[in-house]
Structure formats: structure tokens, C-alpha cells
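Given below, in the form of C-alpha cells, are the structures.
Consider the two complexes below, in which chain A is the common component and chain B and chain C are the respective partners.
So, the complex of A and B:
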């Protein structure tokens, strides 16, 4: 691996980690869409701030541009409060306006500077190592590396300090208000964090793919755990994994790094969606199947119990009559009987079925429930 | 009355847009009572509680908790919201939710410590949920969810408890457990205000009642205010039953 390769991967990993942390709270607060809005609406802020400071990795640009993110959130909330449009429509109305202002500004005024719509939308991670951070004549690494380290540190600090406030404001905003832990303050803090992160990350991965790194890893982590601290850790790991995996995928495919990273994040989510131990599609399907058989075995046990000791018991308990009495097809009935025998619920006594003690207990419990 | 009222609401008007939800409500809750707020759907019961807690800005009126505004008295008040208002799929445990009751006492940034967790476990014991402390909250039944919320309020160790429909959709065991708990709170000098739906149990469970339908119809000791006439005023003659020994109100 060459030095630039290492640097690119380090930047990618930092971007992914910085995005995943606030992303966890966006997913839990059901505000995934706001990250899309913020990352797009940042464009005019970035352009205007760029005109002023002429350096894409300047902290001044980050702060200036991030304020556009807060303006977006504010505008969305003002629109929503009129009760004339719903939140999703408000988001859909606000960010294209701001985004289009940014696009017009770039195409009209920024023709001769290093800032074009493609770079803003898709980022250019491969060029990140060229922009060096020089302190007192020493080259201390790519500027983006330092910027993203700073943003990651900011995110970690915010979440560590305000972990309990974030959790309460997300889980029960009314209680947070009643206790005096203003959820509005927490909300705007989080939105500021999302904005700053999006500005820092847009240079590396572009404003569209920021969304992928903010939402996909936390959404996958949500399926894999039911503890918030674990979810934060897993989301970070999945994000970093997607970033590094995406980098090598791009290398191998000779394709866009940002696109491959977002693709890898999507694949990570798809895997969690299918294979998560409790909530994945596969385990859901298996559980449903098992429940279906257990239910049928229970129904058989109850049927046998109802007729136990009655004159028609012999007739009702014959295996070949199950399909008539329970309206089960013979194959299904045979499988249910086999399953029930395996679980020790019923025993076969010359062509008839008899409940075992265990089967009787199970049937009784089902009836009571 | 010589004692400072636990809650004193005067001339409280709350409106959503131009629709009044509460019209000029006056309400005095003496300390140490177990009070039910009853009234039909849309009567403003939840709104009243939320206005007391400062969750809703009133159009007019004033709320005092033990003689002073809620803002400076919030440590004295515990709130049990309706169970459905939160996302029970949130990735956290029973113990963690109960510990949230301590967040007000902790204030900003300080994290719950061993003492807070011990208090939370004690509260869980009081609602009979000790063995579920580490359970993920999505695995709880409705009654268990309600008990978690009650434990969370207990851990606040408040002197005034405001509860929004704690009996809604709970099993009989939980209902008995809640009633027992409410009485214990009253015995220890706490004031408890409960939004309640089941008119049949008002006289059995509570000693004080407020009948509300946008305006305050009546408020006072249950045996004085829980009368056929007041109920008719509150429910508009639609009360089809009353406790045994009284004639049913038929419209």
C-alpha cells in the first residue's frame, strides 16, 4: 500500500465513523430524511463560505456552511408548524430550494475555482491526499484527515457528554421537557452535529453519499442489537468496514470510491436485513415456520384431549381420520403427527393416537391460555 | 385551607388554533389526596396534565405547584405519560428506562451512577418487576410497560404525581398492583392526580375527583362531587350506568 492509499482509507474510515454516530440518533428519531435535506441544503452555504475563505477544508467554511443545515431544520419546522404541510412535504419543499440556489451560484460564479457540482455531489476522495495541511513548514498530512479527525472528536465528545439527554429526548421527549432537560436544545445540538459532519464529509464522499453513511450502518446496527451503546459501536464498525471495503471494491472495479463505499454500506445493511439473528428476514421466516408446526401440534393435542375417554375417542384418534376431522390434508397430518411424536406429545397405539402425559400438559396449558 | 395546595390552577385556557380545549379552568388540589380526573373523550384531561407540566403553553391562566410556578418546582413533580406515547422498540432495557426518572435530579451532563441504579431497582421491586430489570423493553406486555412507567415515576421521589391513564389496557393483576401503589403514595403524604376512564371504579379507588369537559364541572371529595347530576353535566346525559345503588342515567 502506498502512502496516499493509506491516507485515503484513513479519511474514509474517519468520515464513516463521524457519520454513523449522529446517524444512530437520526434513525432512532425517525429523522433519516433530514440528513438528506441537510446534506443537500448545505450547498449554498458551502459555496458562499468558499467565496469568503477560498479553502474547502477551512474550519471557517465548515461552520459557515453548517449554519445552512440549521437554517434548513428551522425552515422545515416553521413550515410544519403552519399545519398546512406535513413534515415530509416540508422537507421536500425546503431542501431543493436551497440546493438549487447553490447550484446556480456555482454555475454562475464559480466557474474558475476548484468547486463544481460533480465534486459537491459525489466528492473526490482520490484527490484528498493532494491537499496537505502544513504547519510551520512541516507537512503533517492531508487537510481532510485533520478536519475529519476534528469532526469525529466533536461528535464523540457531544455524544459522550449528552448521551443521557440524547437518549431521553429520543425515547420520551415529553418527560425530557418535564424534567427540564430541553429536548429542543438537544435536537438542535444534534442537527448542528449532523450539519458539521455533512460539510466535513461532503468533500470526501459528496453530499449524496453522506446520507448512505449516516443511515445504512445505524439502520443495520438497529437490526443487530437491542442495546443503544452496542448500536453506537456496531454502527461505527459497520460504517468503517463499509468505507474500507468500499475503497478496495473501487480499487478492484476501477470505479468511484464514494460510490463503492455507499454500495458497501448498502450491502452491509442488506446482509443484516436478511441474516440478523432475531429480526432478520431469514430468522423471522424460520420462526414463523416453527410456530406453524408447533401450533398444529398443539391443535392435535387439544383435539385428542377433547375426545379422551369419550365413546367416540377411538374413532377421533385414528390417524387416517385426522384429515376428515381436522380438515388437514394427509401429508400435512402425517408430518404433524411425526413432529408431535418427536416432541413426545402423542404415542401411536395400533393405528390410533394417544396423548402422553406431556401432551396432555401442553394441551391443557394451551387451552387455559 | 391553611395548607398550600399541591396544585393550584387558575383561569387556565388552552386552545389548539381557535378550538378551545380547556376554558377558564380553576382547580385546587389539596395535598395528600388521590384524585381522579374524569370526563369524556376530548374533554381536555390530558391537556390539563400537560399544561400543569408546562408541556403546553396555555392561552391564559396560571399554574402553581405547592405555591410556586412549575419551572422552579419540577423536582417535586413526577409524570407518567400514556404508555402509547413512546416507541417501545427503542433499544434499551427496563432498568435503563426506570433510571430515566433520575435524570431530572442529575441535571445536564452528569451520568447516572450506582446509587441511581440502586434506586431504580428498588422502584422496580415496588412494582413487582425485579426479575425483568434487564429485559429489552419491546418484550414487555402492556401491563408490564405501565409498571415500568410507574417505577420510573417512583424513582423521581416526587411529592406530586401526575398520571395519564395508567389503567388503560392493563390486566387485572396490574390494575390491582397500581391501585395498591397509588394508596401507598397517598399514605406517605404524596398527592396523586390520575386521568381515569372507568367511572365504575372512581369511588372505590379515589377520594377526590374532578369532572372535566372543556370547563371544570366539579371538583372536590368523591362523595360530594361524583353525583348523578354532575356526571350528566359532564357527559351530556350519555351516562348509561352508575355505581350500584343508584339509578342509571338514561338520556
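So, the complex of A and C:
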């Protein structure tokens, strides 16, 4: 691995971690698409700020452009408050218009701005190591590395300091208000954080793919845990993993790094979607299947118990009889009996079935319930 | 007005205008349903999700025939939409997150495929970039035929199933109780929306096509309360935005088509939000102003009457400030309104007094309780 490769991966990992942290709260607060709106709408802000400071990693540009993000949030709320359009339409109207203005600015002033449409969509991670941060004549590393470290530190500080407030406002907004916490403060604080992070990440992954790093890792983590601190940690890990995995995928395919990172984040989510221990599709399907057999075995036990000691008991406990009485086809009945035998609920005595003590206990409990 | 003359004589320009009109009509009409069903952002996910479909269709077939690419786009957009629905139905991940994941991940994969295609670079293979931000100037007659055929199918289906879609939009539970296959209708309407989106991709691009689904519908909603009128208006607004945007971008240099069309649609929305009768903001402000003035007039009238009573003479004039002390700060509008109706008049400077007609009106209003 060469030094620039290491630097690129370090930047990618920082971007992913910085995105995942506020992303957790966006996912929990059902505001995932606000990140989409903000990251698109930042573009005119970034272009205008770029005209002024001509450096994508300048803190001035970050703050200037991030304010466009807050303007977007305000515009959406203003539009919503007129009650002329609903929230989803308000979001869907505001950001395409702002994004269009940004794209037109870039296209018309392409000669003057060191930005092009490819950079907007794909980021310029591969070139990040060329822009060095020089302090008093010493080269201390790529500017983007320092910028993203600063933004990550900001995000961590914000979440640590306001952890209690964020948690309460996210899970019980009414209680938070009743306790005198300002939901508006938490809301706009979070929006400011998302905006600043999106501006920082723009340089690395472009406008649209920020959304992948903000939403996919936290959503995957959401399927893996019920605890907020664990979710924050998992989301960060999955984000960093997607970034590094995406980098090497791109290296191997000789394709866009940012696109591969989004793809890797998608793979991470797909794996959680399918394989999460409790909420994944596979374990859901297995649980349903197990419940189906357990239900049938329970029904068999109840059936046997109800006829125990009665004159027709001998007839009712023959396996062949089950398809008449419980309307089970022979194959299904045979499988249910095998399963019940394995669990020790019934025993076979000369071709007919008898409940074991355990089977009787299970049946009794089911009936009482 | 040379652009209008060119429209009829210049073949390319006419193709561009017709293509933009087609996409505007289809997206506007079907987008109306999306806006009403709070699915405005589904279009965003669908259109972004179409990108890998376009790239894959090209990689697999090696052809840039419009029908191939559009089919690829439709299949990928459709899969993306289904994935959103599947994630929401089977897990606790919410709608907004599911949309965000599908749109960004599919788009990312699409960009990966595009960069791979670019690396293979023989000249004939380039040009899929136009699907990102759209390029009206690249529309050919064969594109137009594909667009018109697909759009025509979508519109025809909407007309045929009008009653069903109306029910689905406004009261799906009632529809289900009547025995309509609501779920199947939902899937069908979403499929038509996917078609409407892919029809516009070459002109507007995957990044901004969602705006063409939302904007005409949201604008049309302001002008009417009737679904039929809204759909037709939205189609007209969509065509207007599409044609004007496409023409501007093909006449001016360095104006990307998609963003220009979206800006045109944005203007239509802003005008509608402000000026639409009854719902529009200007109308609402005017109504508010009139109400406030009428209320202020009532208060000022009674106040003037009470002040006059204390001085035993109707004509006793009072400073505006004195009236404001009891009637509140907005007294000026009220007094002007009274003067317009001939119930009060300005005596000298800032002093006001009731007229005989004003006195009669005040007594009538105060009635027996006077």
C-alpha cells in the first residue's frame, strides 16, 4: 500500500464515521430524507462559497455552505406551514430546485470554478491526497484528513454533550418538552450537524452518495440492536467497514470509489436485512416455520389428551385417524408425530399414540392458556 | 419570437419540444396521484434506482436503442420500488430510511457501472452520461416514438381505471370493503408511475426527474379541488415546464436540460402557491387583511360611541392615540374603514368623530344593551 492509498482510506473511514453518527438519529427520528434534501441543496451554497474562498477544504466554505443546509430545512418547514403542500411534497420541491441552481452555476462557470459535474456526483476522493495542509512550512497531511477529523470531533462532542437530550427528544418528544428541553434546539442542532458533515463529505463522495453513508449503516445497525449506544457504535463500524470495503472494491473494479462505497454500504444493509439474528428475513422465516410445527404438535397433544381414558381413545390415537379428525394429510401428520416424538411429547405404543407426562403437561398448559 | 418560428421549421427543435411536452404530460398526470398519496419521494428513489438498470442494459446488450435502455431503467426502478416496500413491510426500518437507502445505493452502483463503461471507452459507448442530468438536444425521433408509446400506454391505463385509482387515492379502505383488489391496484399505479419516470429520464436525467413528478401535481393542487381538473392541469403544467425548459437549454449554451426544466417547474409552483384563487397565499393575505380591517372597524366604532357618550356630544372629536388606548394598536385600519363607510370622519389632524350614520350604526350594534 502506498502512502496516498493509506491517506485515501483514512479520509474515507473518517467520512463514514462522521456520517454514521448523526445518521443514527436521522433514522430513529424518521428524518432520513432530510439528509437527502440537505445534501442536494448544499450544492449552490458550496458553489457560491467556492467562488469566494476557492478552497473546498476551507472551514469558511464549510460554514458558509452548511448554512444553505439550514436554509433548506427552514424552507421545507415554511412550505409545510402554509398547509398548501404536505411535508413529502415540500421536501420533493425544495431540494431539486436548489440542486438545479447549483448544477447550472457549475455548468455556466465551469471555466472559473475548479468544480465539475463529475465532482458533484462522484466526489474527488482519489485526488484528496494532493491537497496538502501545510503549517509553518511543514506538510502535516492532506487537508481533507484534517477537515474530516475536525468534523468527526464536532459530531462526537455534540452527541456526548447532548446525549441525554438527543435520546429523550428522539424516543419521547412529548416528555422531553414537558421536562423543559427544547425539541427545536435539538432539531436544529442536529440539522446543523448534518449540514456541516454533508459539506465535509461532499469533497470525498459527492452530493448524493452522502445519503448512503448517513442512512444505510445506521439502518443496518437498527436491525441488529435495541440499544442506542450499541447502535451508534455498530453504525460507525459498519460505515467504516463499507468505506474500506468500497475502496478496495473500486480498486479491484477500477471504478468510482464513492459509488463502490455506497454499494458496499448497501451490501452491509442487505446482509443485516437477510441475516440479522432476530429481525433478519431468514430468522423471521425460521421462526414462523418453527411456530407452525410447534402449533401442530401442540394440537396433537391436546387432541390426545381430550380423548384419554374415554371409550374411543384407542380409535382416536391411531395415526391414520389424524387425517380424518384434524384434517391433516398423512405426510404432514407423520412429520408432526415425528417432531412430537423427538420433543418427547408422545410415545408410540403398538401403532397408536400415547401422551407422555411431558406431553400431558404441555397440552394442559396450552388449554389453560 | 424567432424561437416560436423555429419551433415549426426546425426539425431538431420540434423533436425536443415534443419530447419535453410528452414527459411533462405523463409525469404531471401520474405525479398528481403520487402527490395526493403522499408518495412524492417514492419517485426520487425510483428515478435514482433506474440508473444501474440503464447501465446494465447497455453492458448486457451493447445497444443504445432507446427501448432497451428504457426497459432496463424500468426494471431497475421497479425492483428498487419493490425493495422499499419489502423492507418497510418486513422490518422495523421506516419508509424514509428505506427510500434513502435504495436511492443512494442503487445510484452508487449505477455510477460504478458508468465508470466501468467509460473505461472501456470506444467512442460509440460514451453518452450514457446524458441520463444523469438529461440532454434534450440528444432526443431523436426514435426516442420520441418510444416515449410517446410508453406514455400513451400509461395515460390510457389511467383513464381506463380512473374510478378505481380515484378510490385508491382517497379512501383505499372503503375501496377494499367494496371488493376492489386494492393491493393490486396499488402495485399497478406504482408501475405506471415508474413508466412515467423512465419516459423522462433521457430529457431530465435520473437526478432530477423526481421533481417533474412532484412539482406539476403540487402546483395543480392549488387551483382546484377536483381530481380530474387537477390531473389535466398538472399535465398542462408539466408540458409547459418541460417545453420552456428544454427550449431554453437547447438555445442557450451551457444550460443543462434537467436543471433548467426543474427551475421552470419551480417557477410554476411558486406562482401557483402565491396566486391560485382561494388557496393561494396572496388570496389568504387579502382575506386576512379584510377580516382584520372589518374587526378593527367594529371596535373603533363602539369606542368612538362610548367616548362620545362621555362628552355628551356626538361631534366631540378624539385623538387617534386616545382611541388606540382602548381599541388597540391597529386602530388606524379600523378608522379608515369607518371613514370609507361614512360612519366616522377625520375632524382635524389626528382627531376622529362619529357621523350621524355612524351613531345610528353603533346604536344598532349595541342594541338593547347600549
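To be clear about the criterion, the second predicted complex is superposed on the first by the 368 of 369 C-alpha atoms of A that agree within 3 Å, B and C clash if a C-alpha of one lies under 4 Å from a C-alpha of the other, contacts with A are read in each partner's own complex, and residues count from 1 in each chain.
Note that a residue touches a chain if its C-beta (ideal position, glycine included) is under 8 Å from a C-beta of that chain, and two chains touch if they have at least 3 such contacts.
Computed from a prediction, not measured in an experiment: that's the story for all the values here.
Chemist: Is A:171 contacted by the first partner chain B, the second partner chain C, both or neither?
Modeler: In the superposition, A:171 contacts chain B only.
Chemist: Quick check on the superposed pair: does A:258 touch chain B, chain C, both, or neither? Answer first, second, both or neither.
Modeler: Once the two structures are laid over each other on A, A:258 reaches chain C alone.
Chemist: Considering only touches as defined above, state whether A:208 meets chain B (first), chain C (second), both or neither.
Modeler: second
Chemist: Thinking of the overlay built on chain A, is A:222 touched by chain B (first), by chain C (second), by both, or by neither?
Modeler: It touches chain B and chain C both.
Chemist: Just chain B (first), just chain C (second), both, or neither: which does A:93 touch?
Modeler: second
Chemist: State whether A:163 touches chain B only (first), chain C only (second), both chains, or neither.
Modeler: first
Chemist: Counting residues of chain A touched by each partner, does chain B or chain C come out ahead?
Modeler: Between chain B and chain C, the winner on chain A residue contacts is C.
Chemist: Using the touch definition from the top, say if A:154 reaches chain B (first), chain C (second), both or neither.
Modeler: Neither partner.
Chemist: Need the overlap of the two footprints on chain A, from chain B and from chain C, as residue ranges.
Modeler: 222.
Chemist: Help me check something: in the complex, which residues belonging to chain A touch chain B?
Modeler: Residues 28, 83, 161-165, 167-168, 170-172, 174-181, 222, 225-228, 230-231.
Chemist: In their shared complex, at which residues does chain A touch chain C?
Modeler: 27, 30-33, 35-36, 79, 82, 84-86, 88-89, 91-93, 96-97, 99-101, 103-104, 107-108, 110, 117, 121-122, 208-212, 214-216, 218-219, 222-223, 250, 253-256, 258-263, 265-266, 269, 273, 279, 281, 284
Chemist: Within the complex, which stretch of chain C touches chain A?
Modeler: Contacts found on chain C: 35, 38-41, 43-44, 48, 87, 90-101, 103-116, 119, 132-133, 207-208, 210-211, 213-215, 217-218, 221-222, 254-256, 258-260, 262-263, 266, 269, 273, 279-281.
Chemist: Which of the residues in chain B end up touching chain A in this complex?
Modeler: 17, 50, 53-55, 71, 74, 77, 79, 81, 85-87, 90-93, 97, 100, 103-104, 106-109, 111-112, 136, 138, 152
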